[in-house]
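Same chain, two partners: chain A is paired with chain B first, then with chain C.
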Partner chain A sequence: MTFPLLPLAHGLLIGRQDLPIPAWLFAWGASLVLIVSFVALSVAWRDSKLSSDRWRPISERLSRPVTGRAAEILTGAIGVFLLGSVVYAGLEGTDEPSLNFAVTFVFVTFWLGMVVLSILLGDVFRALNPWRAIARTVGGLFRVIAGQPHSAPLRYPERLGRWPAVAGIVAFVWLELIYGTSGYETLGLQPSTVAVATLAYTGYTLLAMALFGVETWLRRGEAFSVYYGMFSQLAPLEVRDGRLGVRRPLAAATQWAVVPGSIALVVATIASTTFDGAQEGLWQEPTRDLFDRLTDLGLGPTAALRTSLSIFFALTLAGVAAIYWAGVRGMRTVRGSPELRSLGRSFAHTLIPIGVAYLAAHYFSLFVFAEQAQFTYLLSDPLGDGSDLFGTASSGIDYGLLGANTIWYVQVAALVTGHVAGLTLAHDRAITVYGDPDRASRSQRWMLLVMVAFTCLGLFLLSQANA
Partner chain B sequence: MLLVLAHVAHWYFWPLYALPVLIVLWSVIATTLRERRASREEEKRRGE
Partner chain C sequence: MQSRRLSVGLIVAGIAVAVGLFIVLSDDDGSDSGSTTTATSTTTTDGPPKTTSTAPEPPTIAFRNGAPVGGVKEIEVEKGDPVRIDVTPDVPAEVHVHGYELTEEVKAGQTAKLDFPASLEGVFEIELHLHAGSEEGSEVLVAELNVTP
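The block that comes next holds the complex of A and B.
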């Protein structure tokens, strides 16, 4: 009878025996922090303080170098150069993903690094956006040649809102997590696939910009502009009418979720990270079972794996949406609540800090380790062909830079901070929606439940992934 | 098969993570029901 002993192969405390207390106790502690925060908000936060972001311009001398024409041309050129580098490295460089600049740059430096920059500095991606730079250059040339500005031939259907961007983000995550890899079996996302996908997205984006107008598409359909734009709502800096200014952190988010597709975008953000964590633990065995069933039915192994993972990704999206809508439905029980859809949209922005928390908790160590590669050997040898442009090609990743406990504490801190920020945004919005602080607090018991559920889920997934 | 069983241990621990959620859920529902009952009784008293 050896097999019943095997389940305890990782030990009684889920493998993290180096922690001073069991991992699950952190979930209890985090929940307690949220409950105390909820009580403190109910008692002390009696008026809405975040309805206005109180933006004020900084001095023209500081603003101009950041927002001037020269800066716009320079940042646009950097964006186009990086886009070209990804395509070139992907097509001409080595097939080994970890040695090719394109893969790490797209999925770590760009995908995760731009989130960090957006939260700290505002909508940086707007300046660096290569598709915007190309479209504006082409538009400028058109104006010179034709003697008139290009006008968009189609009117963007406003009811679509941010849905095209949601589809773009889900497709990107699908490419990264399902087409490329899975939790237990690497199919391998080839650098050439990244290059072809980049080219395809470039063509699609430029066509959409030509049809609907550059600014309209950037606001609604361009997946990365909308995605990073969402995170930039938390930042203390914003360029408004060509002038850089400072504002209250978090406050701009309160005006963000006014268009259709906003809830879906923030749900997709949380669900993507949840799925990535779950496929290393929670979804591992169910995925394997489904994979076996599909291969028994005659599906090839790659198709079976991608189908299984796609189904569990869809389930994760549905699960995250269900947690949020359960909280909104609960809030509806409070007298004087608006109708369900309007209430759901009113509180969607409160999930943005949770999206950040999930990203930080799940990818912190990956980011620290992969960026060492990005700025050493991938920078000097972007094609993986033995070149040494900056003399750092022989450098490696120092995995001793972060201990397991440091990573865990950062993960817990990120989750707790993000959820407290979400709770604060929700409480402030509730005061605006319900008009009186007592009814607002009653409604926010349900958002407390949502926050505790997301915190415990996040910690459960991390404990499994770390085990 | 061995790999499957080696990871089963992880599943044992989900109730420990679910417990805080269930406690908050129970307290939210209990408080909501208590308040509703109190407001119904208040209305009834006013009606009398």
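The block that comes next holds the complex of A and C.
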């Protein structure tokens, strides 16, 4: 049995991938990480600087247009329109994934673009969330007709925390990276599959919102709200009690991980990107071996490929979690540590910048190239049927826009910046957990190891990709 | 104050070491060429630029049952070099070089002679869009074109 020519996730949409970072840049990047880390050990500030995000409202005149009723209706309508467009294009448009609006919009513009917006502008997805808009509209109608607001029939079990959202994110990534690989050719994820999955998720979300209440489900179970909400913790902007305000970047993240399932969410974020990167290099041989074994057992090629990839995805999730928990266990050896679980939860938010760095390093070029397609031919010809709505159907991607050197420097810079932000959050948290600066420093040697492990793993994956 | 001066010193030293490493390491560029097939000889570091008359025979990719013989070929060139590949499918097909957006129709058993300058950096898929056979309408990965700066 010949092994399927592994369709590479990056290659799925545009047939272009990044070159591996060269050996000298790998060495330089890794050295830089170590230097930064030793410097970080020496600049030990003694009072927590990030425990308060120092949120303060901006002037009412600037805040009103953003938070007002008109803006809410407008952004909600945009969200619902885009949701409808994905479903319509997926069902009615061409089967060719790269020419159908639905695939690029969901997996690049939405999945990656919303992360960028969330980090820069805060929780914008709350305003654009189509499921929230639909649920609120239906809730409003219900109030008018029934004369009383709809009250949720079930109480959300708080001990579940963010776990339903974690399940949603893992399922989404599985659909993108594993289900989409189906056989000998680089078929990719069918647009109709994207549409059906979108409809199924819509039904599931609206049902859960009706059962547990709209706001509760948005906070705990709606995968995208929780996922983008995590990144928005880093942002310098936040709407609080209907008022837009500015706050210290990174600081809000310190309050984020108190809910169960938070560690799992940030681990899933890092592991998803790790798996995607490893698929292009590190995992290729082992996946092939497992695939051969499974086909020898009588599994068909598609089933064998999906099973072997799923197993490696599960291993990646476990591996990333193991790195983090090993560091937490190490920290536990410092006198005066809280119990393991609560210590683990205390430092989970320090991995959010690492997650951002991984995303930036792996998807920067894909995002730049695929967005050119999104705003040219996919905008003018969303169904791939030859229409030209805005006159941009014949324009395409300029692959000369980013040279290999630019991409390499962005990748290394992203990893190093994430490393520094992670260390900053960890050191600040250690001061509040341990009180005593000496013990805080000692505990931070362990978190430093965790961060160095993740950053060097990130560099290593880049040096192995497509090599 | 003592510790502050120390940390400033450490930061300055750190930056100095980083810059030094960058300069030293980035000097020996291109020392990591793999054992992959080269479409054109790119091994010389300081020789005169080649003319097409001395270029070796381009690698040929043959097909059996709609799949490339010997698996997906890795082609490695430097930016600006000419890329020359011969593709001989065993079914009527279209050869497509992603990114460069070059396409060429070929009949079964005939050879598409690709010859173009490597103007874009990155890893690009070269695919065959099959027009007949049991896998009609599907796309088969033929080769990966690695263009390094």
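In this section, the second predicted complex is superposed on the first by the 418 of 467 C-alpha atoms of A that agree within 3 Å, B and C clash if a C-alpha of one lies under 4 Å from a C-alpha of the other, contacts with A are read in each partner's own complex, and residues count from 1 in each chain.
Basically, a contact is a pair of C-beta atoms (placed from the backbone, for glycine too) under 8 Å apart; a residue touches a chain by one contact, two chains touch by 3 or more.
None of these values were measured; they are calculated from a predicted model.
Colleague: Have a look at where A:Arg288 lands relative to chain B and chain C in the superposition and call it first, second, both or neither.
Modeller: First partner only, chain B.
Colleague: Is A:Val39 contacted by the first partner chain B, the second partner chain C, both or neither?
Modeller: Touch status of A:Val39: second partner only.
Colleague: Given the touch rule stated above, what does A:Ser31 touch, chain B (first), chain C (second), both, or neither?
Modeller: both
Colleague: Contacts for A:Gly396 in the overlay, against chain B (first) and chain C (second): which applies, first, second, both or neither?
Modeller: second
Colleague: Looking at A:Ala404 after the superposition, I want to know if it touches chain B, chain C, both of them or none. Which is it: first, second, both, neither?
Modeller: second
Colleague: Contacts for A:Leu448 in the overlay, against chain B (first) and chain C (second): which applies, first, second, both or neither?
Modeller: first
Colleague: Show which residues of chain A both chain B and chain C reach, each in its own complex.
Modeller: Overlap of chain B and chain C footprints on chain A: residues 14, 22, 24, 27-28, 31, 35, 467.
Colleague: If you look only at chain A, which of its residues touch chain C in the complex?
Modeller: Within the complex, chain A contacts chain C at residues 2, 5, 11, 14-19, 22-25, 27-28, 31-32, 35-36, 38-39, 42-44, 184-187, 365, 396-397, 399-400, 403-405, 466-467.
Colleague: Flag every residue of chain C that touches chain A in the complex, lowest number first.
Modeller: So the residues of chain C in touch with chain A come to 3, 6-7, 10-11, 14, 17-18, 21-22, 25-26, 28-32, 34, 67, 71-72, 98-101, 119-125, 127, 135, 138-141, 144, 146-149.
Colleague: Which bits of chain A are touching chain B when the two form their complex?
Modeller: Going through chain A, the ones touching chain B are 3, 6-10, 14, 22, 24, 27-28, 31, 35, 281-282, 284-285, 288, 330, 333, 442, 445-446, 448-449, 452-453, 456-457, 459-460, 463-464, 467.
Colleague: Looking at the complex, which residues from chain B come into contact with chain A?
Modeller: 2, 4-10, 12-14, 16-21, 23-25, 27-28, 31-32, 35
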